[in-house]
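Which chain is which? They are A, B, C and D, in the order written, and residues in each are numbered from 1.
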């Protein structure tokens, strides 16, 4: 229902066509993901890099095409809709933000140039004792001659096993407020003292525990200013929430379309099951909610693009909250509409459910988003 | 969250300022409505006519300012937000549509000119046996020499007691499909054979039974083509649903703001009750839903204004469904947030609840909207 | 449509019959008058007393019916089923008389209970203040000792039966801050009692015809011997101990509302036609009603278990809070869904569902807002 | 955390203890193996038989436990509580053995029940076909009479225990179209039975390690004497009569899931800290869990009443449909809300709540989708 510019429309159409051709069938997706075990296909991602899509939100000097969050969202939405296994994109696009805003030219050239060429980036922030509560981080980067030594554990780190670098947030000052004394580092994933271990989840191989043991990082690994990771992180929250929202908008739309296709096809008692009012009304409600999500995501993206330095805590949290909750609802109800077929792995609905159910937790739980939104009303 | 043009923004600001000045206090509203017994104040409405606001959606030749549905929605939203007792506006604005599109020049001059000058119009469609099921109408207009004689009962007729004319839909052909053979008439409310009786409802005096007994109407009372009321009605559904949606958007926003103001003010156990997470999270959810409604209503209004002849069954029904359900939810939850004060008539929350609870029924129930939306997906 | 509750008996069903007749024949014809004047006729309390419908759980020695809480539950069910919003029996019997029965001295019982049971007196309890809600620590109505009397000063609001009451339990502060300073004082009041003023009858969304008022005390004299139970500072504990029963009573109103809403709506949707078929033939209507009927059935199971356990004296705070919160929430949900199935007619006052919708809404707020109930449940986890 | 059900007894609690030990000590250590191979080890069925945990409601004369449905309910509860997704006891005991017990001739009972009760055989029932669902009229698997045998041909899907079963009740068409043409045929099957082929083990969202398969019949020979009950054309009625118990069994799984989800989540949120406090100290967490705990309590009331009425032989179709639809809906809601309270950990396989979420989801679909249940309820209104 949102209005795209002609350029955006043709970009979306190109992605849709690409996905129909490359990831349109279950067999194609199985081949690209080792039967669902992998969430990211480097081969497919490389083809997208060739097409110049992965730099859609980067400036031309780093190989990008100079678009904004709107275009990044469009990419995230349509690839999610197309079930393209490019799970590495989201953390990559989110990681790009701090590099763009705060990194040295050398860091930018290395990391952003890599992104446009199809490299994956990760962000190492959450810890076992600090999920949404970033300020509780304890992973320590101790100043030593010529650099820092990092010790500690990170958990929940998406795509670390695929990435060139992790954007690490570690504590460089033990004293002061919990929000102070955090610093960002660019850590090549092969650095000695870094160990990456996959965590089995309902969604397959996506997240990792990362252990840092006496891990030495040189001075020039610091991204932005020492002790200033907190404000640097805050500046990136709009984009993290929006990209996740856009991705779930795409996944939600796919779940919806799959369910509608099924209920039009499947017959019981001589009629398509979708013609029963109980299902027809459900379809109507879900369609309405998805259109609301679309309008919300792209309106907030436009606001962010109009004023890139503006913090949009209320709006970005609304987009994240509403879209992930809606996508989950669509998948849950879609599964019910498909009956036993929704529960069986041959159909995609169960993978839609697994993907969406975690989306209300990732990138700040729904509860955290509600806290943030409530706070903007002075509560 | 929706972006207004500068003209729209200043129109909205003018309405808001007017309402603050004229209907900002309970005492002012009580004076204008005989303590809530009336839903429409002719005096206030006349002042709005003076300001030129009532013709906002009419062409200049009838005293209007040439705006579209977007501007009509803006007026409906902001006056609902301001609790201005101008309940006559909605049926008037909806009735204007068929006159604009199908009436003779003489009818237009009379009715539309009146509307711009602050006259109220009503629509006489529903019958005891035919609510949302318009095709089941039985009220009969029998052709006689020089005109028609109407017999039958209409029910649920909003504002008939205030209106100059009713736009009557009556059956002129007994045979053929249920959708055929219906004709629109412009009936001055003082016509002999017309009796208007108020119906007591939870919402005060708004709706009426209207009885037609041997009521003679001349040929030139026909609006548009004989037997063609059905397509003429269909052409007006976008605007009816959107204006209702916009009005409920305003009412929902008001209920939200009232509830938030209360929970920030009211203290229990030494803290504002809104600081409790259970209320803060509820506020966050409602704020998100209202922003979605706003984006949806104005997006659909823009679509209608871009292509006035286009039927938007899915989109207009979505706007009506989503906005009325949300407004009701806000009022219900707002009442809970206000505890006993929400239930007592001194506060406005109970009136918000009464106004919104009926909105999911008026103008096509939510179930009908879901049927329509579901149908557009081929179900 | 509705089967008799598990805990009922033939005797209780006879009481039900009597109550049903009383409400439909004697009360309902007067409801329009009650609504117009804002309060019920006191004669109807006396009539209920004559019939033996008041204070049925009070022993016969004090003029009561010698029955149990089950008798009062039956009265509540029949009031809701008849659609009477006006009589304040829940407060009069299950709260006020029950406080007296539970805490009063023998002398107090003999003095007060017979007059409550006969309907000579209507009872009320003055608890909430404009600034308090669930926060009883904030009670600021003061009772200052002056010889054999207290002088009571303060303001109360949301007082059920506030316009017609003759006997009032006042929650007042006889001591310092905190819970220990609170006492329950019993006052006989009339329109001419010095220092006692009945405020406006509050106009409410629902419960029309039942008088909810403000009350003002300006050095109202209450004899010291009228402290409930005879000892100061016990008020908070006394309030707390009665809460499970009050909450169960509220849940019973909700339960009866659900049963009535479903019955009314099944009947309506079978008889009303649209698109050439009864509304009940539409799948949406069938599913909505199937869901509401299931909620009715589930609520009934739970409520019956709660009533049984209360009759055995075993209803705990947590379970009562669950019943109050959950069944009243469901009652509002069911009323809203049923109203929607009536379409526009559900909004018209001639259809009882419109009253049911409005009357039910307050149940989630009174007797402790449902949010407070959830906090109580959480404490048990 | 969870009190023992109203209908339990000391003897049943001993069975519970035995079942709990069996699941935690013998089954749970093998679950990873079951998940890897896609089906449970048959030795574990035999072990359950040795312990007397199979077919507990079958009379001792047929090798069963001589107990009641309550015994099987206990087994179900303990399986869920232990977190075992793999053993197909619900189908084996409460469905297959129960069909035989209810309809089979004396000779059939004596032949088949002891082998089911000992765990020598695992039972399954082949009902759903790729093109049918709740629409049993559309059954197209045909059984053509050929002397003393039927030749059965057709395809079935979503068959629980399909990989490991030795004894199969096949819903097949022995006659013309419509209900009257349907019969239940009992077949002894093995991997080498001619005309019988087990299809893929279907990979499912949850219920991992429990074998749900396709089955194919190509002129499978079934002796005519194996028609359940000995008479053709009774299949539809036989299916219908068993449905209340199957639905109640499903509701019991849901009930146990709710109890487990709440217990796990209360424990987790009390121990896990965020923002310097246990998660349980946040109001949102407290209210979510208060609501879930209330649902648990309410479901328990209702389920206990259903079990009691089933033990008395009085559970009707409507109430069973209500229990199936409503409790399984609540189980999914509670699992979802509890998973959310675990945050990211709820998604990780090492936390049982992630399995509970996935395993529970199917309950709203199997044994008649909840939409079908609502239609059944609506018919009673």
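In the analysis below, a residue touches a chain if its C-beta (ideal position, glycine included) is under 8 Å from a C-beta of that chain, and two chains touch if they have at least 3 such contacts.
Remember, it's a predicted structure, so these values are computed and weren't measured experimentally.
Pairs A-D and A-C differ in how many C-beta pairs touch across them, and the larger number is found at A-D. Compared with subunit A, the chain whose C-alpha mean position is the greatest distance off is C. Taking each chain's centre as the average of its CA atoms, subunit C and subunit D sit 44 Å apart.
Look at where the CA atoms of subunit A average out and do the same for subunit D: the two points lie 38 Å apart. Taking the mean of the C-alpha atoms as each chain's centre, subunit A and subunit C sit 53 Å apart. In subunit C, the positions touching at least two other chains are 282, 284, 287, 371, 374. The multi-chain contact residues of subunit A, meaning those touching 2 or more other chains, are 276-279, 281, 367, 370. By the touch criterion given at the top, residues 1-2, 260, 263-264, 272, 274-275, 277, 279-281, 283-285, 287-289, 291-293, 295-296, 299, 314-315, 317-318, 321-322, 367, 369-375, 377-379 of subunit B touch subunit A in their complex.
Within the complex formed with subunit A, the subunit D residues making contact are 128, 133-135, 137, 157-158, 202-206, 273-276, 282, 284, 332, 336, 339-340, 343-344, 346-350, 354, 357-358, 361-362, 364-366, 369-371, 374. Across the interface of their complex, subunit D is touched by residues 266, 280, 286-287, 289-291, 293-295, 297-299, 301-302, 304-305, 319, 322, 325-326, 371, 373-378, 380-381 of subunit C. Here subunit B touches subunit C in the complex through residues 126, 129-133, 136, 156, 199-203, 207, 268-269, 276, 278-279, 332, 335-336, 339-340, 342-346, 350, 353-354, 357-358, 360-362, 365-367, 370, going by the rule given at the top.
The touching residues of subunit D, counted against subunit B in their complex, run 282-284, 287.
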